[in-house]
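Naming follows writing order (A, B and C), and every chain is counted from residue 1.
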């Protein structure tokens, strides 16, 4: 039966490659394949600008946040032993949102392209530290969950306050809402640099796969089978948090990726994390890239809307299937 | 509002590079409705490559008819949707998305970001700035002269007139106080914006609902296309539904774009509001 | 040398100064009413309750001095509840018992067959009945090849055939020099084991041979029942 599943990784990689090609080709400015080729080699100035300054950064950010959010969701699902867990459970993305919203409302985000992502990361880290402190050392997963719920509520309130009570101009409100929906418009190479550490973090995740198998079936059982659960849990939490924080910082609050992708690939590829980690990384990258392609071609939707429109019904279908 | 570059230096640099670029045909894309209005006032038709998607929206644009023949950028579009018009110059406001402005700059296209648009004087300055970049200074001067004349005429008519006390309620639980385009309208139309004078409010903020009931509001100013339709939601919405001015239908209507206009077309709003509030002066 | 030694186990609101010693090659029962602290005591013995104060020794070695990975090779712990969220196959879960042995496959197939799981080996564990899931946990414990086995209510959901099979398995392990300590509710069965440990409200009430532990007085006091050993109907495990 495991032979069946070995095709999934090459298939996903192939799909990702196709999506990358499509993402270079598709855009508001129509470019023929020859112009795309010429642009890539800098032979055609306008095409080169469009490809190298607009489409390529956007494409790389999409791939990296797709990988980040899906692997973060995978880790959360193993951590909480629940296939419905998602990266936002512990308030990381709410913290990132609050940080970004404050940066936009105060006008600081206009000063430099790095400020908005930086504010978002600060917000995310503050939120996570708050959760960890609230939950204390050796906290059970239940306590962490509750702390996350409380934090999500608090941060949501801060965001709402800023939105309704603080902005001087409607345009800033519009920018905030724009960011909150999650999207990849006009991503620059600065955003690529901010989100590039995802590659390192994902690499750190890979060797934890076998231990995650055990821990996902029970932390005490895993402890008695030889897994140092406290250290592993700490590593998992840190990695998931960093991945989510980085993704939120450059793309806003994009939902459903961290829930849908690991869940679906687990159904297709089986629950073994050594196989699931790489497949989720690639599959997640492809999923976000595909959603972004849809977002761009179908009347300028935002990425967060597309992932929700696809993710929501898909999630309901999954729930029906299980029962 | 923090200006992210020192504006005078910025303008000088932009103007300098504009001079150098004058040899190639100028194609301008405008990304905001405010810059649309400025552009149409001073540019030759052949210089206009594309306007914002709001240019033909009567709720926001003063120049719906004039804007019809020109192409428009897709709403919410990215840098590509601007670059596909092959512009040599793109107009933004300081509330345009930073990433969008940056992406257009990196495509080596000249960019002008308008960050002062609160008063009529700002509008004149923007007209001159834009006209200079396009080589149409004479047009700007003519527009400004016409505007100055209109404002002076209006001012003369309204001399000695007792200001009408007004507020401009909206259904979004926000009301314009001091330092808004509405305040500017009031200042030039013989009106007193109670949200500023009694309420001491700045910008678009939530009004003190209970205290508002005690304000001596003479007229309500609403924006819309039909007075009854514009007033209807207020008749059911506290605290407005409880105010005498609303119940007695003491309201005036102005066009939606007039209440939020940042270009020289705000003078339309001055005149409209003045006519509505002081009809006796215009007989 | 004792297989397991617990000295003065103290867990707030659960265990009060409990000390137990188990010899090598024994099948020992842990009995007591619900809430008497049986699960907690097994967890303390397994080193899973760091917040409880206890002095625990495995085969003469202090627990704190045994690294986590080696503990897994020495002791197998089976929890009371078998909840599997994800669909690993039965074989994959049983093979997890070899984690501390570098994930070799030794003994996995034997464990599957011994617990009558061979026909179910490719079934996802989250699609098993309660009894089947418990057998998976036991097979995993067997696969660890540990010298000390602590099982929390292993017989609770098993039908008579499988329940007796598990008891036979315990007996085999003991004959091979290992020690099996498990909690149970069936007092007639308890009577057939080598030793018993009786808990009442977090305290050690008695420990030793079944005849000394299951006295009329203890049964009446701890369980509130009137029973005594009698001739006649008797079960022997072979």
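Quick note on the criterion: contacts are C-beta pairs under 8 Å (C-beta built on N, C-alpha and C of every residue); 3 or more make two chains touch, one makes a residue touch a chain.
Source: prediction; values computed, not measured.
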| Based on CA centres, what chain would you say lies at the far end from chain A? | C
| query | In terms of C-beta pairs in contact, which two chains are most connected? | reply | A-B
| query | Whole-Å distance, chain A centre to chain C centre, using C-alpha means? | reply | 43
| task | Between chain B and chain C, tell me the centre distance in angstrom, where each centre is the average of that chain's C-alpha atoms. | result | 79
| Centre-to-centre distance between chain B and chain A (centres being mean Cα positions), rounded to whole Å | 39
| request: Would you tell me which residues of chain C are touching chain A in their complex? | output: 43, 46-48, 50-51, 68-69, 71-73, 75-77, 79, 83-89, 92-93, 96-97, 99-100, 103, 122, 137, 140, 144
| What does chain B use to touch chain A in their complex? | 1-2, 4, 74-81, 83-84, 86, 93-95, 97-100, 102-103, 106-108, 173, 202-206
| query | Hey, which residues of chain A end up touching chain C in the complex? | reply | 1, 81-83, 138, 210, 213-214, 216-218, 220-221, 223-228, 266, 270-272
| chain A to chain B touching residues, read off their complex | 27-30, 46, 49-50, 53-55, 58, 107-111, 113, 116, 164-165, 167-172, 175, 178, 185-188, 191, 300, 302
